[in-house]
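Naming follows writing order (A, B, C and D), and every chain is counted from residue 1.
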Amino acid sequence: MTGSIYGNSFTITTWGESHGAAIGVVIDGCPAGLPLTEDHIQTFLNRRKPGQSKYTTARQESDRAEILSGVFEGRTTGTPISLMVRNMDQRSRDYGQIKDCFRPGHADYTFHEKYGFRDYRGGGRTSGRETIGRVAAGAVASLLLENLGIHITAYTKSIGSIVIPNESYRYEEIYENPLYMPNNAYARDAALYLEECIKSQDSSGGVIECIIEGMPAGVGEPVFRKLDACLAQAVMSVGAVKGVEIGDGFQVSRAKGSTNNDPFYEENGQILKRSNHSGGTLGGLSDGGRVVLRAAVKPTPSISAEQETVDIHGQNTHIAITGRHDPVIVPRAVVVVESMAALTVADLLMDNMSAKIEYLQKIYLKKN
Amino acid sequence: MTGSIYGNSFTITTWGESHGAAIGVVIDGCPAGLPLTEDHIQTFLNRRKPGQSKYTTARQESDRAEILSGVFEGRTTGTPISLMVRNMDQRSRDYGQIKDCFRPGHADYTFHEKYGFRDYRGGGRTSGRETIGRVAAGAVASLLLENLGIHITAYTKSIGSIVIPNESYRYEEIYENPLYMPNNAYARDAALYLEECIKSQDSSGGVIECIIEGMPAGVGEPVFRKLDACLAQAVMSVGAVKGVEIGDGFQVSRAKGSTNNDPFYEENGQILKRSNHSGGTLGGLSDGGRVVLRAAVKPTPSISAEQETVDIHGQNTHIAITGRHDPVIVPRAVVVVESMAALTVADLLMDNMSAKIEYLQKIYLKKN
Amino acid sequence: MTGSIYGNSFTITTWGESHGAAIGVVIDGCPAGLPLTEDHIQTFLNRRKPGQSKYTTARQESDRAEILSGVFEGRTTGTPISLMVRNMDQRSRDYGQIKDCFRPGHADYTFHEKYGFRDYRGGGRTSGRETIGRVAAGAVASLLLENLGIHITAYTKSIGSIVIPNESYRYEEIYENPLYMPNNAYARDAALYLEECIKSQDSSGGVIECIIEGMPAGVGEPVFRKLDACLAQAVMSVGAVKGVEIGDGFQVSRAKGSTNNDPFYEENGQILKRSNHSGGTLGGLSDGGRVVLRAAVKPTPSISAEQETVDIHGQNTHIAITGRHDPVIVPRAVVVVESMAALTVADLLMDNMSAKIEYLQKIYLKKN
Amino acid sequence: MTGSIYGNSFTITTWGESHGAAIGVVIDGCPAGLPLTEDHIQTFLNRRKPGQSKYTTARQESDRAEILSGVFEGRTTGTPISLMVRNMDQRSRDYGQIKDCFRPGHADYTFHEKYGFRDYRGGGRTSGRETIGRVAAGAVASLLLENLGIHITAYTKSIGSIVIPNESYRYEEIYENPLYMPNNAYARDAALYLEECIKSQDSSGGVIECIIEGMPAGVGEPVFRKLDACLAQAVMSVGAVKGVEIGDGFQVSRAKGSTNNDPFYEENGQILKRSNHSGGTLGGLSDGGRVVLRAAVKPTPSISAEQETVDIHGQNTHIAITGRHDPVIVPRAVVVVESMAALTVADLLMDNMSAKIEYLQKIYLKKN
């Protein structure tokens, strides 16, 4: 079955393995007339690139995106946009224990069970490099949203127990520190914590937050394709994410209705909310408020410390993952979460275009 | 667009409004040969029925499911199974403020924005009665899973701040208390808390936990249709759910790799895990362990206390929701979460059947 | 898998067996605000009803459509529209040979092979009654199209060797004869031919033609979801159809480019074509001309004459189909073909709404 | 919307323009364990390559397929297979009238209407080169089918009025003549006819026939995803195809039930049919007989003779398509039709795997 396709109207198909020839994505359903360049896509890819700091891998991956189709004279044509990044690190080498062992916390065992064998080089399809296709496509979706007045921002809310409280957010500092945290001071504390993790051959988890501004009300489809439900799938599909919440999220379980409901009020002809516990969705449709979602990211499963495991022949053994590894996945996953949110919103905006007969008449009767 | 369809291979389409003629679901893709009766479906529907206790609404809804197609001589035929529940409470009455006001915490405003108008009677399509179709279909999916050795259980883990710790679970007590909690003592405490909520014209949130046992390893599709991603969409699509997590969930953000990874070991020819922080999925595929997911459920938005809001003409006003309302959504949503999990797993099991060429050969070459 | 769902944006799910409790369809994706009544749907259903003439079965089927959801105060709400027709003829009776034999030309054998057993009562899911759901949904799609200035007409072009040449079409006579032929004189000749078929315990095939007027240019999606490709699937999915063609159809195989190309010209600011060999599609998108398609319908497989066959135990035997049967399927299938065309066009019109960034801006930026 | 994706379980996404950087396809859903090489794919691509004879274009296109992902150590891994062919002919040149005029019989006008502008270089996405992705993917699907005992053959049945009657088929001669006709003598006559077309600056249509052998009975989904309906969409989606028929096709309109029905009989424990008017499908499911389908292909719209048309500014003008053009599309489209049939059958075989509960039990309970 087809797990590498996402979206209904703005659809992407990603492909590629970590150490195969290339990695890429095909976007089918991007509207015609959007100005698009390789440079724009590169801006997004650079945010997930390794080697940005000592808390992310030092491996050099150039990750240059090439537009192979769907753009003519600088604008999207409405036909599929094929984007490709050549893998640089393809030389044959010794994959050692990774070839024959199931790394704990990785998908080696589950892929082996599902398919009977696996491309073990660098994790193959299960490598974090799989997200390159998501980010390249997310760059296009984000551009589309900007043209509709919608803006998405993601950042690191916490690393380990270093959590930035909402009142300390300084959005302008997000790109000033290598951890993409909206507060440089907290980022420095987090950096110290990550130093410790590296020293103890260990790794840390964290939380990514993503906000969507400018959403028109009423976007999302009732029942199964609710805006929050689609965002949940999109974000949970990112490898290391183990939890997703919208608005107050898990805190609602301890809340009361009287405080959790957001009262409506009218001001200057606009319907607004006094608070935003809902995180911008009601009944699964956008409510005109800022959409707020959070994703819990697990610690990097690749650690240098020795771990118990089993080999592909079913024998008990031990493994220590050699080589350099990010002590934390969070910073590089920030742009991945942002991309998945952008793809989801773009898709649902298109789906929403046939919600009313007036919309169809506006497009099809207008010519007369 | 089509928000009321769920699933790829085991597909359901739900329909119906709270106070329309009926509510129902069509299952397309259920395999032929499954013994199915209306009584089996009724068992599931009875678990979401109101009036089970004073903590759920006293309204009498008979909610009898009728099988209209797809079953012949007691077995599924492989063609669409249409299930319908007639609405009893259709008499015309005064919907009062609900007709003209947007209830805080409800989808009145967002539906009005999306569609231009709405069926306001009892919430229409956004009513909790919408879940009847999910539960009826979930009963069929659960039965299918039982025939494959897979068993799903859901229950209330917490109500407000009354949280049952894992070590106090007594699964055998789940059906012994009206809150579906796996510990009768905690259930009594929760009941007292709900009494308070009722007295103060307020409502409470809670957490539902769902476990899936007997999952073969390797189920789920890589990248976007991961088992956990599909479960997240499924469960977040339930009206009041604001957060979903798998395994250790949001706690992974504070964890370290050395403790979060689950070591593999071999025993009696089986590959097992020493712990289950992953909650039964690795790389989005089932890892052979018990799948564990939790959903955060918000407090009932319908409360008797007066709230600030806006009417459909955009004027500021106030509303107090009259009539009886559940002080908590959680107990009746337990079977809904269980149903969504069953539908998701059934769907992905079918998708997984074409993972290997051997599977196709087993079915298509065997005849020779 | 899910064969009973059709459409991407305007989606229908049909269900029901010939002698089950009911037959129906759920439409998910119909825009809100369309005025819709049961009477409108009934008009379409009456056109496929048996007993309209002696060339169609004398069985009395009332086939009253009931709207169960998705319409409030006379207008569609944007949520699923559930339509149901109760089956009248459910009494238990002797199905004789049909139960144990595979009727030649019917799907008895293939369903038995696929599912292991079958609902043999009146053909079950493979009965012509399956089309009730298509026609009820087609009535809604047609109404939507009328609101966009698009009109679809279908009629009988030929029965056996009685073929109405294009120059003899009198569209105003279509509903004046029971065979839905656009020429009463040809209809009388066809009626005489059908009398012969009845006398000789035999049946006849024919051709249905369908035209779509008012199509805006550019509708259809490139490559696989071309307008003509989608129409081909839609119409070939009708039980007895064995061939589909667009415009000149199979005659193009003998044509030359110089005569088959339709020259463009400008007149009063409009781009028109001198001829319409293309049948209204170029490169799979509507070209602004009238869409013309034809479907070849096979003779009714149920005939009274004795035929050689095999029983469900694999033994050679003979069968003669008793009871009254239409000597021709064509007249009752006219509205089915028209419905499938309407459903396809409605779906592709919605899909086309995101073709250009201007369309999205027209809907989402307009509010500012 | 997403017109470049085909298939439900064995899914392909094609991309690329005639004169863009490359053309390609991503296959998502191919089972793991299938031995696959670039050479196998090349064999298929060579059959659609231009320059094979003077009746196909003399342009040299090397069209070398590269496997970018999804294959490891010679076998498919179950993850997406990305196939790419670099375009050789990308140099900037004068596109003359093609840039500013709508060529009759081409999609220039309809793409302009849909998207607002178009990539006019060599037809862009509407070029025949778009089929490279289909054929590369079709090569993989065909290989999969061979592993399941299913074999597909396509060939030219007619060119203009040169039609090979069934009784003169010599399948062994198909690859002995450049027109892929199953009779060398008819191929010589057709060649003479094409010489005439070239001399008169004209082009010819024809018919392609495709047969599928070894199909197990019961494949295809009832109602909308019937085997014949899916084949109809698949084949009609090929650019120049204007008609599709199964078995006796349009001839059924003049047939009678007594001769059109195929009697069943038992022989050596097998259920067979005395004739095959049905073309291998009953009720939309394979009936165990040979599947037979035909496609009507229109004459090449690019002709050297001058034609009336309109330019992109809406002014009347004339155009003569310069350069070499195939006088007939049919021979190069033979492998395209074969590929579309293979993709469709592979997809439906996978969908059929969940038809019975026994199939699921065979795969999921067997491990115990």
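Please note the rule applied: a contact is a pair of C-beta atoms (placed from the backbone, for glycine too) under 8 Å apart; a residue touches a chain by one contact, two chains touch by 3 or more.
Every value quoted in this text rests on a predicted model; they were computed, and no experiment measured them.
Between A-C and A-B, more C-beta contact pairs join the chains of A-B. Note on A-D: across the candidates C-D, B-D or B-C, the interface recurring with over half of the contact pairs conserved by residue number is B-C. The geometric centre of chain A is 26 Å away from that of chain B, both derived from CA atoms. Averaging Cα coordinates per chain places chain A and chain C 44 Å apart.
Shared interface positions of chain D, defined as residues touching 2 or more other chains, are 1-5, 8-9, 14, 29, 32-33, 78-79, 114-116, 125, 216, 222, 350-351, 354-356, 358. Chain contact summary for the complex, chain B toward chain A: residues 1-6, 8-9, 14, 102, 104-107, 109-111, 113-116, 125-126, 130, 158, 160-161, 197, 200-207, 216-226, 228-237, 239, 242-258, 260-266, 269, 271, 274, 278-279, 281-288, 296-303, 305, 307-310, 314-316, 351-352, 354-356, 358. By the touch criterion stated above, chain C contacts chain B in their complex at residues 1-5, 7-9, 11, 13-17, 20-24, 26, 28-29, 32-33, 66-70, 72, 75, 77-82, 84, 114-119, 124-125, 350.
Chain contact summary for the complex, chain D toward chain B: residues 8-10, 29, 31-34, 76, 78-79, 144, 147-149, 216, 222, 349-351, 353-365, 367-368.
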